Each structure stands twice: as structure tokens, then as C-alpha cells.
Amino acid sequence: MKSIRWEHFVLAFGLVLLGVAHAWGLFYAPPEAMMGDVGRILYVHVPTAWVGLVAYTAAFVAAIGALWTGRTGWDAGIEAFAEVGVVYNALLLFQGSVWARPTWGIWWTWDPRLTTSAVMLLLFVAVLVLRRTVESPEQRLTVSAVATIIAWVDVPVVYFAVKWWRTLHQDFSSPETVSNTMVSPLRLAAFGMLFLGIGIAALRWRSAYVRLADQSDAPELPDAPAQLHLHPDREA
Amino acid sequence: MTALVTVLWKDLLIEWRARSRAFSLATFALTVLLLFSFAVGPDTATMRAHAGAYLWLSLLLSSTLLLAQSFHVEVESNAIETVMLAPTAPAAVFYGKALANTAQLVALGLVALPATVALYDASFREGVGLMLPVLALGAAGLAAPGTLYAALTGRMGARQLLLPLLLFPLVVPCLLASVKATTLVMLGDPMTQLPSWLRLLASFDLLYWAVCGVLFGRVIEQ
Amino acid sequence: MSEPAPTPAISARQLCRRFGRRWAYARIDLDLMPGERLLVVGANGSGKTTLLRTLATVLRPSQGELRLFGLDPRAHPSRVRPRLALLGHRLGLYEDLSARDNLSVVARLASKPPPDAAALLARVGLDDRPDPVRAYSAGMRKRLQVAALVVQEPDLILLDEPFSALDPAGVDDLAALLVGLPGALVVASHQIARAAEICDRALLLDQGQQVWAGPARQAVSAWRQLHPRAAAEPLPAEGGA
Amino acid sequence: MDPAQTDAIATGMIQGGWEYVWAAYGVSWAVLLAFAAIAILGATPSRLRRTP
């Protein structure tokens, strides 16, 4: 049994990449035109958002695979990717709040992206809670796959609904305008975050798989028993 | 199609036979409405401006009870198994139940509407007739995912907790659009925004009536 | 049995079902011709209920092949399910409806003509009362289940403990009613002697596997041989459930 | 005041705010490292051994 797996390398590579990108973004890249140094949060915030969405989408794909095949591997995929998505999503909300304070003067606003990520977090936390609640392996697979599919489908709907809702009110300037000098560290950070996420998800998948397979793998069939032979005198 | 009508008829028959339950549900919805006026009041202008929001929150809170109940009657003595063994497609069972739940939610809305008028001094600048499509589309939006999730949590121990946990974040777009549309009907719609909100509600309904209908079969098969 | 080579109502090969890592039953081979009546005997937890629920297509088998009326029930549920009916431990009907309402719901779901509820209820020994079945006793529930079964006019009847909770007269009524029904029959019962009277064949399950199969009249002997302790005691049937 | 900074103020660029930047990065890194550690420790060979 080997103790170092490919996931460890991917994870470490992601961390190194992320570290380099963040050092670049924090110490070498110029301050952002409008937001100054606060704008540097971009290098952690945007990759978190991207990779979080990728993780949710992977969970959605795993959910379809799980419903289709009923296999434990896909089921473990739902769990691993939803976990990664939820952690990234929670970080995203925190970073967004911290960023909103100096730029907009508030911790929270009903901006479509912010609101959508909050709803998204609730949706996928509910999936994870659901998984802990169900005892039977087959039921857990079905139930969490269905909830994951529904949750993922809801994300764009929430976004457009909130966006529509907001357009009737004032809109904040979006931090979307990214100048050229910021692209390279941002891209590097995104890849670092992605590899980190892949490494973590793969490790979580492994431990989830072992735990789930322990509960649901087919055990050996029992040996065929000896047949009874009735004594003739006992016959009715 | 016949199966769908049978399931719908059966669900409404059960609710009619157990109408004392519907009565308690209506009382619950009205109580929630009343509580909002204590929590937010007594500023009449604020309350009037937010009457639509209170109406829909009251309906949303009541809907979890209604939806859980609609599946509880199926599982309490395992009647769902008889339904499954009948030659009915699961989709027919889903649409029958979802329609029955929509109808009950609309009825509940029609009970809560006069109370909203009385408690919050709500008026209908765009005509009270427009409330009917808003109620129907909003109720349908709560009923489709609600019926699916009621089936999903129906056999679990912690269903009272799980159903709202799953349903509430999901129906955010539906709630938002319903409240907006209701408020526009109540306070007037000078910029003709109502049709776009109704369109949003209709798209939400279409999406979830389709997706949940497909997934329902997997949820009730064991 | 004069028709040439009829399709078996049940044909199961190496049927297995597990819950998680526990086999509920395993390696079940079973053939049942139309009109045949089979008794399934076994101790509590021997897999009788799970087997019946699989045969009723409520549960999927984990392994093995199941054909009902020559069809794969997973592929043709709408052609198989109308032809079978299950009487389970639980009522399977709506607590808020009256007996009559429940029967018409069952008939409409099964696309059968509306039943003559009064006559049918009288046949199973129930009054046609308007109150919901929530207030019914265990024995009355069992009788109502039987009435619902008759409404469905099934070709394959699966009975899980049909005699439990019934008084002696009820057991006799039910046995007489069952003998009069057409179609194949599978009965799982602890009232072995009573159930054997209405069955042709029997099989004995022990921990999910078949350990004996033979004529129904030998079922009691087989049971006593498998559970020698029970030989000294009265049969579970006589003990009443 | 150096010219660049005067420029910055004239264009309305937000000044300072490093404490927010450190908070965002610090918490993010702490959480991600903790998550990675949990993932690694949850998938050690002994944890991945199947119960027979």
C-alpha cells in the first residue's frame, strides 16, 4: 500500500502555484485603478468563485452518473465535489464580504452574484446534510443525486431572478474590469486553485468511496445450505 | 392521463374527507399573517408596501406543512405502494399530486388574500383579477419542487426539518418573482413590469415541472 | 391445467436481494404456473417478506433473473403490475378515506370497473360505514385489504401473513374466499397448517435460502424438522398471531 | 506627498485597506490548508483499508 499518491502531488502543485500567484499579486502587481490595494483580493476571490462553480458542476455530473449507473464511485463523487464546492463557496462569501466593506462601505449587498452564491451555499449544504441523514446506501445515492441535480439547475435561475430584481434599483460598479497587468497572476492563481481543488476532491473521493463501499458492496453469497430430507413417517 | 386525473381526484378526495386538517392549515396561514403585523407594524405605510411579501411568506411557511402532509397520507399506511403497483406511470403520480398541491395552495392563497387586505390595508391598483394568475403561477412554482422533496423526505425521520431546508433556498427565485408580481398588482405598475415577472414565474414553473417529473420516478422506486 | 404449456406466472432464477451488506434472501429458484398455489414458510427474518415484495415488483432483485408472466417486470412494469396484487403487513390504503372510498380509489387506479362496494364489503365481513379506516381494528384492516385485493382482479396474488390479526371465523372466511379466486397464489404464513390446506406446494426458507420444497401437506413436518424445538410446542398457527 | 499618490487620490482610488486584504488571504489560506490537511489525513493508507 503506497502512502504517496498522485493526488498529493496535484495538491502540492496547486498550493505552490497558488502561493507564487498570490505573492505576485500581493507584492509585484500594481494596485488596481479604482480600488487600490484592496483590489488585490481579486487574486484569491475570482479563482475561488471559478473553482467553486467547477466543483458544483462536477458534483452535478457525478449525480447524473450516480442516477444512471447506481454505482458507488459516482455517489462518492457527489459527496467529494459537493464538499469542495461548499468550502470554496463559504470562502467566497467571506472574501466577498471583506471586499465589499472598503469598496462599497457595507458587508453585504443584494448583488446578484453575492445573493446567488449565498443561495448556492444553502442548496449544497442541504445536499450534504441530506447525505448524513439517510441510512440506506441505495436511498442515499438516489436522494442526494436528485437534490444535487435540482440544486445545480437552480443556480442560473437564482442568478437571473436576482439580477432582474436588482436592475430596478441602483447597481454597484462591478470589479469585473481586469487590466492586462492583472491577467497573468489571476490566471496562475486560478490554475493553482483548480489543482488544489482537484487534489482535495480526489482525496475526499477516496475516503468517501471506501466508507460508502464498505456499506454497500455486495458481500459474498452465503453457501448453499443442505436440503432437508423428510422422514417418511413424519409425513402428514 | 387517466391515471393523472385519478391521482388528482384521489388527493382532493382525501383532503375533502380530512377537511378539518385544511381548516387548521388555513388558520396557521392566517396566524402567520397576523404575526407579521406584530413583528413589523404598526406603521401602516410600511405594512401596505410589504403586504405582498407577508402574503407569500405566509404561503411558503404553510406550504411545507401542506406538502409534507400530502405525502404523509401516502406513507403512513404505505398506500404509495398500492399506487405504484397500479399501472400508473410515476410521472402521472407526480403531476397528479403536484396539481392537487397547487390547487390547495391557490385555495389557501384565496383565503389569505382577504386577510391581507384587512390586516395590511392592501389594495389592488391593477385589479384583483390579476392576482389569480400570480397566485396560480407562484403556487405551481412551490408545488413542483415541493412535491418532489416531500416524496424524497417523506420516509425519513427528520422530514419536518429537511423539507424546508431543501425547499426554501430552491424556491428563492419563485418567491422573489411572486412577491414582486403581487406588489406590482397591489401598488400599481406604471412601468409595466408585471408581464416580465409573470414570465419569470412561468419559466421557473416550466423548468421544475419538467425536471421534477423526470426525477420523481427514481425517488419513489425503492 | 389443460392448456398447452402456459407461461409461468412466476419464473425466478438464482434470485437474490440484499440490504446494504446483508442478504435478505439468496439463490431462490421458483416456478409458479397460473392457478398454482404456493406456501412459503420460514422463521421471522428468514426473507419471506422481502421475497414477496420482490415478486410484487416493489423491490428490485439485487441479482438473478425474474420473469412474471414471461416478462421482465423492470422493462414492462405497465404490463406486469396490473396483473398482480400484494397484501402486505401494512394497510396499503388511505387512513382518511372510508372503506368504500378506498375501494373505489383502488379500482380507478387499477383501471377496473367501479366495485359493488356494499356487496364486496359484506363478503369480507365489513359494514359499509362512512367513517375513515383510521379507526379500524387490525382484523378489520386485514378484511379491507382482502376486499381491495378482490377489486384488482389479479392473475397473481401475493399474500404476506394474510391470517394474522383475524379471528378464527375470519380465517375460515378468508380461506374460503381465496380458494374461490382464480389466478396463481403465493402465501407467506406462520399459520402453516391452515395455509397448507389451500396450497398445492410449499417451500421452506432458512436464513434467506430454500432448504426444502415439496407438497404443501408436508410443510408442517418440514418446519418441525428444521425447528425441532417447535415440535414439542404447539405450532405457531395454533398459538395464533 | 509623492505625485503618484496625489494622482491616485484625484482619480478616486481607494487608499490603504491592507487589513482587508490580509484578512481575506489569511482566512482563505488557513481554511484551504486545513481542508487539504483533513483530506490528506482522511485518506491515509490505514483509513483506506476496507473492513473485511
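First chain written, first letter: the chains are A, B, C and D, and each begins at residue 1.
Keep this in mind: a contact is a pair of C-beta atoms (placed from the backbone, for glycine too) under 8 Å apart; a residue touches a chain by one contact, two chains touch by 3 or more.
The structure presented is a predicted model; accordingly, all values stated were derived computationally and were not measured.
Per-pair counts of C-beta contacts peak for the chains A-D.
Using mean Cα coordinates as chain centres, the one most removed from chain C is D.
Distance between chain centres (mean CA atoms), chain A to chain B: 30 Å.
Here the spacing of chain C and chain D, counted between their Cα centres, is 63 Å. Per-chain Cα centroids separate chain B from chain D by 42 Å.
Between the Cα centres of chain B and chain C there is a gap of 39 Å. Residue positions of chain B with contacts to 2 or more other chains are 222. In this structure, the chains touch in the following pairs: A-B, A-C, A-D, B-C.
Chain C contributes residues 56-60, 77-78, 81-82, 84-86, 88, 90-98, 101, 105-106, 108-111, 132, 148 to its touches with chain B in the complex.
Against chain A, in their complex, chain D makes its touches with residues 8, 11-18, 20-21, 23-25, 27-28, 31-33, 35-36, 39-40, 42-45, 47-51. The touching residues of chain A, when paired with chain C in their complex, are 136-137, 214-219, 221-222, 224-228, 230-231, 234-236. Across the complex, chain A is touched by residues 16, 18-23, 26-27, 62-63, 204, 206-209, 211-212, 214, 217-218, 220-222, 224-226 of chain C.
Looking at the complex, you find that chain B touches chain A at residues 145, 148-149, 152, 155-158, 162, 165-166, 168-170, 172-173, 176-177, 180, 193, 196, 200, 203-204, 207-208, 211-212, 215, 218-219, 222.
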